[in-house]
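All chains are identified by letter, namely A, B and C, in their written order; residue positions are counted from 1 within each chain.
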Amino acid sequence: MNASSAMNNEPLIRIEAVERTFGGARRFLAPPSPLIHAVNGVTLTLRRGDALGVVGESGCGKSTLARMIMGIIPPTAGTIRYRDTDISSLRGADRRRLYRNIQFVFQDPQSSLNPRKTVREILEAPMKKLLNLDAAARERKARELMDRVNLRAEFLDRHPHEFSGGQAQRIGIARALAVDPDVLILDEPVSALDVSIQAQILSLLKELKSDLDLTYLFISHDLAVVDYLCEQVAVMYLGQVVEQGSVGEIFESPRHPYTHVLLRSVPEPGSHRPTRMELSGELPNPAALPAGCNFAPRCYRATARCRGEEPDLRGYGDGGHRAACHFADDPVPPPEDAITERNA
Amino acid sequence: MHRYIIKRLILMIPVLLGISIIVFFIMALIPGDAAQAILGSFATPENVARLRAELGLDKPLVQRYFIWLGNIVQGDFGRSYSLDRPVIDEVLDRLGPTMLLAGTSLILASILGMFAGIVAAIKQFGWQDAAFTFVVLIGISTPSFWLGLMFVLLFSLQLGWFPVSGMTAVVGGGGFLDVVRHLVLPSVTLAVVATGVIARLTRSTMLEVLRRDFVRSARAKGLPERTVIMKHAFRNALVNIIPVLGIQAGFVIGGAVYIETVFQWPGIGRMLVNAILTRDVLLVQGGVVVVAAIYVVINLMADVLQHVLDPRISV
Amino acid sequence: MAVHSKFRRFFYNRLATVGLFIVLVVLVVSAAAPILPLTDPNQTVLTNRLLPPGSEGHPLGADELGRDMLSRLIWGTRVSLAVGLSATAIAALVGSLIGIFAAFYGGWLDNTLMRGIDMLMAFPYMLLALAIVAVLGAGLFNALVAISVVNIPFFARNVRGATVGLVRLEYVDAARLSGKSDMEVLFGELLPNVLPVIFITISTTVGWMILETAGLSFLGLGAQPPTADLGSMLGEGRKSILVAPHVATLPGLVILVLVIGINLLGDGLRDVLDPYLRSGALVSPRPATEVDTDLRRRLRSGDAVEPGTEVSPDGPGGNDGGGNDGGTVPLSVRELRTWFWQRSGRTSSAVRATDGVSFQVPRGAALGIMGESGSGKSVTALSVLGLVPTPPGRIMDGSIRFNGEELIGAPIERLRHYRGNRIAYIFQNPMTSLNPLITVGEQIAESVRHHQGVSRAAARERAQELMDKVQIPNAAARVDSYPHELSGGMRQRVGIAVALANDPDVIIADEPTTALDVTIQAQILKLLDDLRRSEGVSLVFISHDFGVISELCDRVVVMYAGQVVESGTVDEIYRHPLHPYTRRLMACVPRLGDRARALTAIPGLPPALDDLPTGCRFADRCDVVTDACREAPVELRGHGAREARCILVEETSA
């Protein structure tokens, strides 16, 4: 699989300097609503056959990024290209054509299925609207899809509320696959599921990817899940990518302090006592970002330089490893129990 | 807080303007001619034309609106032809009785409704809840004008406890107790419907709030049930109930139209019905604008009260 | 099938059936008016003036013009119904369209439409109707128009509100991604889901609209003679109220009965259509979980489960001496069965949320309870101090002892004495479990005041101390903050401070970090670990995440389908799980830095808790299942210092 992705690693989606702000509206007799940079200058490339994980905590902008790729919300600045088309400004029929190539799997499997429709109607809608298949072909394909996601074909006539979360998510995946897309954008597809069900979906996703030669953009807050499913990873913090590269390199030798902290925060089974360092303070108000490096107020290595000068995302080595930290040349893991200072 | 009130007061201006526009243009739509209506169908065309000019009816509509607006801002709503006195004088005379009636009813309905709603919610499935359901059903299904008649039949004509109609006794009336005696039947009648609505809302809001996590937290602290219900649950329910009280004020003021007719109460509602039947346009216009403006102020007070209760509502 | 069950639910509602009956009778009779043997309602016979009811040929008497009351009532009802229903239909159609378009397109369209609606609502309801009638002139049709117009805002607002909620749902995005156009999304996806809201709004307004049209007629602004509806009959009858009260009374009674019928029917429809009501959202939980009467009796007679008698006499829990051991085991739970009783129609069935759960919490220990959703872990935790909502929860069996005192069936005063005082809770979602309208300081202080009887000032000071202790920066200022002013992590620190308020012996934490980000979770776990050691408090920590439990706990209890399937130390269970479920659960969690490992998912789903198999509850998903597994209930048995609920353990382990 790695070999195949190396062979045809043409870029499928190119995200360039994309920004998205919310708020900032002027209000009557009140200060304007706070302007929030949900995504603040993100550049990423998704290559054919890759699975790119985008990780980060809530509010880092990862879901906004996914929704911009799907055109659910437009970017405020920057471009998003699929192959050679700029997709952020597509409308009507052009956008629908795009949806034959890129599809989306939602976080909450139940709310992404219309309770009034049968599974058949849900699966056949994209075939009818996007592929113009006739009834017989749609029926055949719907059955194939159900088989693909390990659901029985007689479920086609049921309504979403008759399914468990895991089954509903399989239907969500089947719908996304109905148009034979190249790329799947998956927004936290397993985070609403129980552990044992999550494993079923993850295995299915892994299998589908190699069987159907799919490319994934996988949004998650769960590093272990990304580690399992993805080859590439981008770590986001407050709307920016702070580190990216291959999963092996990022997770084994991270260069950005935030990545270090994130990795160290994942509770490990079988260990005892939380002796690991804790990250000081909390996410700063996204409407009042600090000067310099966004992470500086919480960082164990921050210096005056970090608080004044914003670090660029620079490359390290030739494996595509990039990090946005003034000290990325000399990564140092966080000291255990070191941080006592807190910001109010 | 002050800033919030000031902001809301300023925001009232476009609403009041909107009301004036709606009222003015609705009235301007009246088929036929106000001058003709005033003078009756036997008037000579010359007289009609003269009156039209006098009333400014020969000017363009928009211009007429601004003239009218300028006048009402100064309290000049024109002259009622059927009563032959300034509209504003008549409206102000009638305003007091209506506010007395509606205010009493609203207070009565709020207290009874919230109390019944709380009891029904905490005694859910008990006899209190069943009795509550029945009373609310009657409350929201009874035509208030009919209920008023039945009250008169029973309490005034049969039992003789309360006067049949009016606000004061014809002879020697006007004292406080006299007004209270006259007020009982109409205000209770008027309160019945509002009580039903408020009680129903209070019950369902309380039931919803009682299921929230923070009520469980309050119980997990071992707090007495009274504290859990009143301090934690009811206070949260109140945030949802208060705007509805504002809206209910509108229903009570509107319902006063029937009650004033049934009980011959000298309020604005009865004035409006008479004005409509006699096609006294200016009187209708004046009455509607003044009452609507008062209603806007009542809703403003409800908003401010809600703001005081709920720290989450931003300025 | 769904439709069928909706009908069933409707008919089980007796009042709604009564309403339906009334409405049907009124509809049939008024529709049949032309073919019924009635005298002409407008035929005046002056000799019959004000004939009382019961007169020959005129069972309900006659009015002041000698017209037959029965005939007039039926014909009048016909008019009232027709006008009321038409007004409803017009208001529903126009209002719903405004609401749905405003919500769907948003932006300036929404703004313009809704500001217009706000303007209409700025008038007291009746006043606007009067103004419209003033313009159009008195008359039945004009009254209809007026009533329709003033009701449009209700529909517009309700429908807009419902649609706004739906437009944000992911299936609307999904439909767009399926290539559907705006109109297809609007009418194909949204409208079917908005329809119930429209029907609900109709059911609440139709009775009201009939009353209002009758009201306008009563005032003489609606139906004009010779047309009569119930309102105008009432208005005319009022003149002769002294001599012939029936002329005014009867039309009013008909209106009352008709509107009662409509409202009952509407309530019934709402119960069926509103998913919110259906989910039992409008049931208030009692102050404490109900204890089954049979169990109460057994507890009184000393017949109930005694600690250590039923389960595994050789297991580690077996030698718990119950009450006398209170010194070392403050909290002991035995054979706990908390069931949820669900009603469908006239039958009720039990969801066995916990079904024989036993564990002990030694003094100063940290016990983890691990399980997936539906395993019964939270219900177990909430059962301890009777915080499981009743209805539908009921404790059916078992014993919960705190320092030797039985808590099941204990008077509410005893439970309240322990709640927040000796045993305290930390809940999952710090946003919803704090009261949004009360300052965080007061939410801590009220517990201190109640249990320690100290003054307001002292309690407030204590609250501030506690906030310092849970490392909330700048506690002195944050005491007066409201929950929404704090971040998620800070709110959970407040939740911990509430739990610590009265130096409890046991803290029960129900997934306290699940709603938090990993870095914040790490902070909270560290805090909890430090505090439990420094304060010497026993901790029961409930989580679905074995990693989190590993960090905090000494022992862990694994739950599946309402039962404990395994217990032991964290290390033992990690290295050598006994039960196949535990083993497979560990194998299906992805681990950081273990990329090569294949995930072996557990196939299938947990069993439905209201339809459990006789034998092992994991049998259908187990890879080593035998026939014997399905034959009889499997007991939790001790294996050295551990327990497991599997008949194969001897063979597979050791």
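Odds and ends about this structure:
By definition in this document, contacts are C-beta pairs under 8 Å (C-beta built on N, C-alpha and C of every residue); 3 or more make two chains touch, one makes a residue touch a chain.
Because the structure is predicted, anything quoted here is derived from the model rather than measured.
Inter-chain contacts peak for the pair B-C.
Taking the mean of each chain's C-alpha atoms, the chain closest to the overall C-alpha centroid is C.
Spacing of chain A relative to chain B, judged by their CA centroids, is 54 angstrom.
One finds 34 Å separating the Cα centroids of chain B and chain C.
Residue positions of chain B in touch with at least two other chains are not found.
Of all residues in chain A, those touching chain C in their complex are 57-58, 70, 72, 96, 99, 103-104, 106-108, 111-117, 125-126, 128-130, 159, 164, 166, 172, 175-176, 178, 194-200, 202-203, 221-225, 227-228, 247-248, 251-252, 261-274, 276, 278-279, 282-283, 342-344.
Residues 15, 18-19, 22-23, 26-27, 29-31, 121-122, 124, 137-138, 140-147, 149-150, 152-153, 157, 204, 206-208, 210-225, 227-228, 231-232, 235-236, 239, 247, 249-251, 253-255, 257-258, 261-262, 272-273, 275-277, 279, 281, 284, 288, 291-292, 295-296, 299, 309-312 of chain B touch chain C in their complex. Residue ranges on chain C touching chain B, taken from their complex, read 118-127, 129-135, 137-138, 207-208, 211, 214-215, 218-221, 231, 234, 238, 241-242, 245, 248-249, 251-252, 255-256, 259-260, 262-264, 281-285, 287, 385, 387, 389, 415-421, 424-425, 427, 429, 432-438, 443, 446-447, 450-451, 482, 484, 498, 501. For chain C in complex with chain A, the touching residues are 2, 169-171, 173-180, 184, 189, 192-193, 372-373, 471, 473-474, 487, 489-490, 517-523, 525-526, 529, 544-548, 550-552, 570-571, 574-575, 584-586, 588-595, 599-603, 605.
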